[in-house]
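Pasting the structures here.
Each of the next two complexes has chain A plus one other chain: chain B in the first, chain C in the second.
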Partner chain A sequence: MIKEGVQGAAAVAEEDPQAQSKKAQKKQQKEAEKAAKKAEKQAKLAGDQKTEEEDDFAKDRYGVAAMVQSQEKMDRSLVLVKDLSPARADELIWLRARVHTSRAKGKQCFLVLRQQQFNVQALVAVGDRASKQMVKFAANISKESIVDVEASVRKVDQKIESCSQQDVELHIERIFVISQAEARLPLQLEDAVRPEGEGDEEGRATVNQDTRLDNRVIDLRTTTSQAIFRLQSGVCQLFRDTLNKKGFVEIQTPKIISAASEGGANVFTVSYFKTSAYLAQSPQLYKQMCICADFDKVFCVGPVFRAEDSNTHRHLTEFVGLDIEMAFNYHYHEVIDSITDTMVQIFKGLRDNFQTEIQTVNKQFPSEPFKFLEPTLRLEYKEGLAMLREAGVEMGDEEDLSTPNEKLLGRLVKEKYDTDFYVLDKYPLAVRPFYTMPDPNDPKNSNSYDMFMRGEEILSGAQRIHDAQLLTERAMYHQIDLEKIKAYIDSFRFGAPPHGGGGIGLERVCMLYLGLHNVRQTSMFPRDPKRLTP
Partner chain B sequence: SFRGEADLDTLLGKDLGALRDIVINANPARPPLTLLVLHKMLCQRYRVLSTVHVHSSVSSVPPQLLSCLGPRHPDSYARHLFQLGFTLIWKDVPKLQMKFSVQNMCPVEGEASVARFLFKLLAPYPSDAAAATLVDSWVDTAFHQLAEGGAKERAAVMRALNLTLGRGPWLAGRDVSLADVACYCCLLLAGSASPAPANVQRWLESCENLGHFGPAKVLLQ
Partner chain C sequence: MALRELASLEKYLGLKKPNKYSSRGDKKIPVLQNNNGPPLVGLVTIARHLVKEAKQPELLGEAAEDRAVVHQWLEYRVSKLDGCNKEESRTILKDLDLYLQDKVCMAGNHFTLADVLMYNGIHPLIMDLTFQEKERYMNVTRWFDHIQHRAGIRHHLPPVVVLRNRIYSAKHP
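The block that comes next holds the complex of A and B.
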């Protein structure tokens, strides 16, 4: 069009002015005729539409419903998509769901209606219930809109492979839009659940992590996200249930604190009126004070902050910590046994009750099922070192495990014992925090332990020093300002039971249980050095 | 009752300053009686840290299998105090499996092969090739013909046992050997409708007098 115009203009410039005006007149006339015709056509079309609308016998059966402002309390029960089964065949039901996809085909329109991780096929066809206009309306509902639908449930002869409800479909009799979605979505749900690699082969799109996180609300609607966070809720539930059964008390601790518990480098400082405070790196000190206050066995679920500027697949600046602290009788292995048993109960609970969710996640992110032993395998640091040395790793006796060595050791342990979960006990004292109890038999060792899932650390714990004198010595050795931790040390002066504990990162546990590769996938609204929104 | 000193450094390689842990994966549907007996013998000889685990591939295991290595050693919290680890994992495996040094050894499959490995920690195999082969052949007979064979095959083995035991107190040589342990356990497992012939009967009694077979018998009850 533009090209023609340009050529036309060039031609006009070449001709003499008179001829130009004549030609222009002709042209104008022609254009006027054209416009008149067009207007006539449009008027006719509008008229047709009007008559059609007047003719529409189904006009009460569809439309955009008024905004729900709670103007009436309807006595209508909405059926859940996951409950749609052949048992409800031929029933007339109402349900509310999202329009996942719609596909119009002549006189009928197929919709996939989605509710959480379940979906069902629905059909609007021109007939005695639905008019042509209604089918057109249904086809034009934008993806992700929320609709109320009245439909009859019908059994199907052939399984509908693409839906979670494979044995039935819905024949829509009424459809009302409750909330209309904007036509353009920032990402397509199908693209967001496509397994990595599969998209490349077929030339289809996948959505990268940042786009997902920028549009988290939409990304959370995918079947994979739905499954991940339902499973995460299950982890918390199982954690609480198991510990409650063991006689633990749930506590709430402050997150704004006056002193850092594990060195000051990786804490967030916040301004606090005329002074400054820190965001808690762990509820460590408070858990211990509760032990000194005779709560005996406590746990706490809450946010934990780390100001480490590390942009890795497994670090967040804010995560949910599941923390345990308990008094024991004679040996800190009582604590290890209690924690590992809790973990095993969580793994078993997930294995037995969340199989659907695990498989849903596996469809997009395939991984080996999580394996574990009961009771949990416990190796000593020295044994770990021996295994690594046998594999050719050179490491000092008092050196901490580097991340690659940690992973290698995980692989070696998996090869020998076939478990994805184990405890490494008796860490060198030098690499642990000041409040760690030294090993009575070897002053270079400590009564501390790490727990690993799929070769990555999920828990760091130890027997704590419950003797104010020794605690002061160790703090001084670590060059910690005694003034700043006075309240902490003082809590042990008036009789403190021997105790130990540890803390787990909820997101890491979920990530590693499901064999995912990035902790942001298991954090609903992840926070890292580069992300503060949404 | 076992002659010869077995040196773990020679048998299992250089001491790396950590527990030498032998891992055995066994299916709870087929408890390895021979290995339980050998375990008891190892405990008399070495400081053995024995642990039983259940792998996540198995949902439940009868309680007698959980305690089949005996009560927990009072020092079990300190793994470095032991010379040898015996870690039995009840797992859904088609064939019994032993893992020791994952770097240098492939997993050893089959109860008979594992039994040979464990027995060598107790007593050296006869240096005489013929005698060593004799032991091996009795072990094969035990696992293939006694434990898995039909009634006819078992009867044939019984006759061979009776004949051999008529010539000496034990199956191979002047001392009790792996041949005796394997045959005893497999006989126990196979059960027998008819009473054993005289020589076999006498041998069974001698075996029981050794006192090693307790764990195997408990499991069969």
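The block that comes next holds the complex of A and C.
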């Protein structure tokens, strides 16, 4: 090897002696010598390593495990990180977790092992269980790799502040890599959970939202994301539980529909064989048809599509709608009461069962606890307008609330009534869809309502027109093609009970409950006019 | 603008006979043709003259120290406030807010010409503020509300609604 190098260089020099000056020749020779020295060193190192490997008494205690292809059914129970407590002290356990961070320090290597939102400190130290090589291997495992670890649980004297399991640490006896992560991560988890503003002060990096969303899989591993989506699951569950108790029936409705329910402006058109169809912007028509079919009280959890080209903090083009529709006896306030009670049950359920999650999110995004009244505050649109006018806002009687006014009203209501959740009733008829029932006392008003959380709309609902004649009139007034909604109008011809309902955006509820600032934070894979992936 | 301001100042001071003004240059600097002497030029100069004319010297400050402070704010009005852009206006409001923290009027406890001119100058800035910003510059808003409700001050300028309760908490702006 060494000889070859020198000869090679010499050969080149001989071949073209005139072209190269003496200086260049000298230089080349020097380089050749250098290369030779390097090769020698490497050979020596390899030799050393070999002897080291031979010396390694712990070599079957660590390594990269074979790919799990379900070769064997191992009789090994894996303990969950969240269950690690002083009660299990001195037990020898197996667990599977991700390497969150690792830090080698001489003969020791500290690892933080993470499982979902829980983590624990682990330690590999040179001793009779682990060799020098094993510590080195542990230190070199890339972040986010998944490892199987056998370790004994030890109590610690001083609480480990940086981990969720503060009272114990793990002394690793075996460590195997189950899935290796690439060494370079597109974003660092610590950067992604840093509270807003704190990064700027300490000169540390924060991850902006687009980078997060581009690498959503990694971003979803952060404690904050884990908490948000566990809470979101809780909202759905509480919604279902509460309504089931009230005697509601869960229904599934088609999302490919032949006509838009609220005028064709903001729906997606899809090609449907030889014709075109639309993506449902709400299950409106179908839940009403179920009412006409004697289901009495129905709800539906499913995707809803809006083709609005708005890039705001609270608009998505696809979101999850929680829709309610119910028949009532004499007054549509029965419906409002039923919906507000459902919301209150959800808020209570979250407050009582998801405190850890709420606090985890609060660490990164501080906000005041969500406040609500029981029974829920109900204001009429007129009263809302009066409050705004008193604050100096100029608005027409039949004008819809603009977003800034909506937020301001939320603030005024919070100041006056100390609640983050309220209902605004009796909207002007002009700003509501055609199937909204007009107010019998004032033809300019309607029996419709919006619900607000922290001053932002989460639900829009109304008493619907259950009379085919009036419905046709209103549709014509709104210049809707009667042919296209024939099936809908026809369903009211054969006896339809008075009914009302509303639709809630799941993402918005989660965002506003937690006091977050962007609906993309509460959508797992958000869709907006500019984002279709991941 | 400045001419209208001087006209309303005249009314406030109770001067019976309105003066005739002209304006000069790109910046429309007001000029008052004085009957017994050379013409007076500039908003502050004319305003001080009017105050003397109306025999209300207390509006320029009673103690020597007050007079200096009044003069300082009159200068501030024409040099800093007039023609400031949006970014500068926020700095001005922030500074003023701090200054007014422990004061009722611009020159401490007594209403002076500085309050009148500062009110006129800051009016367009305040009109532009959102409720949240008005709350952020709470001391300015308080002073402004106080001045705009003083008899005879507001004249042609539209009133600005000021909430008495805080609706945005201090903790999470």
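Simple rule for what comes next: the second predicted complex is superposed on the first by the 494 of 534 C-alpha atoms of A that agree within 3 Å, B and C clash if a C-alpha of one lies under 4 Å from a C-alpha of the other, contacts with A are read in each partner's own complex, and residues count from 1 in each chain.
Here, a residue touches a chain if its C-beta (ideal position, glycine included) is under 8 Å from a C-beta of that chain, and two chains touch if they have at least 3 such contacts.
Bear in mind that the values here come from a model prediction, so they are computed numbers and not experimental data.
Superimposing the complexes on chain A yields a three-chain arrangement in which chain B and chain C fit side by side.
Applying the stated contact rule after C-alpha superposition, one finds that A:His331 touches chain B and leaves chain C untouched.
Counting the residues of chain A touched by each of chain B and chain C gives the higher count for B.
Touch criterion met: A:Ala391 reaches chain B and chain C at once. In the superposed model, A:Ile160 makes contact with neither chain B nor chain C. Once chain A of one complex is fitted onto chain A of the other, the partner contacts of A:Leu412 extend to both chain B and chain C.
After overlaying the two complexes on the shared chain, residue contacts for A:Glu383 are found with chain B alone; chain C is out of touch. Using the contact criterion defined above for the overlaid structures, shared-chain residue A:Phe347 touches chain B, although it does not reach chain C. By the touch criterion defined above, A:Lys371 reaches chain B but does not reach chain C. Following the chain A superposition, chain B and chain C show a smallest Cα-Cα distance of 5 angstrom.
When the two complexes are superposed on chain A, the residues of chain A that touch both chain B and chain C are 391, 412, 415. The residues of chain A lying in touch with chain B in their complex are 331, 333, 347-348, 351, 369-375, 377-380, 382-383, 385-387, 389-391, 412, 415-419, 441.
Of all residues in chain A, only 366-368, 391-392, 404, 408, 411-412, 414-415, 515 touch chain C in the complex they form. If you check the complex, the residues on chain C that touch chain A are 130-131, 160-161, 163, 165-169, 171-172.
Touching chain A in their complex are the following residues of chain B: 16-19, 21, 23, 25, 51, 53-57, 77-80, 87, 89, 91, 99, 101-104.
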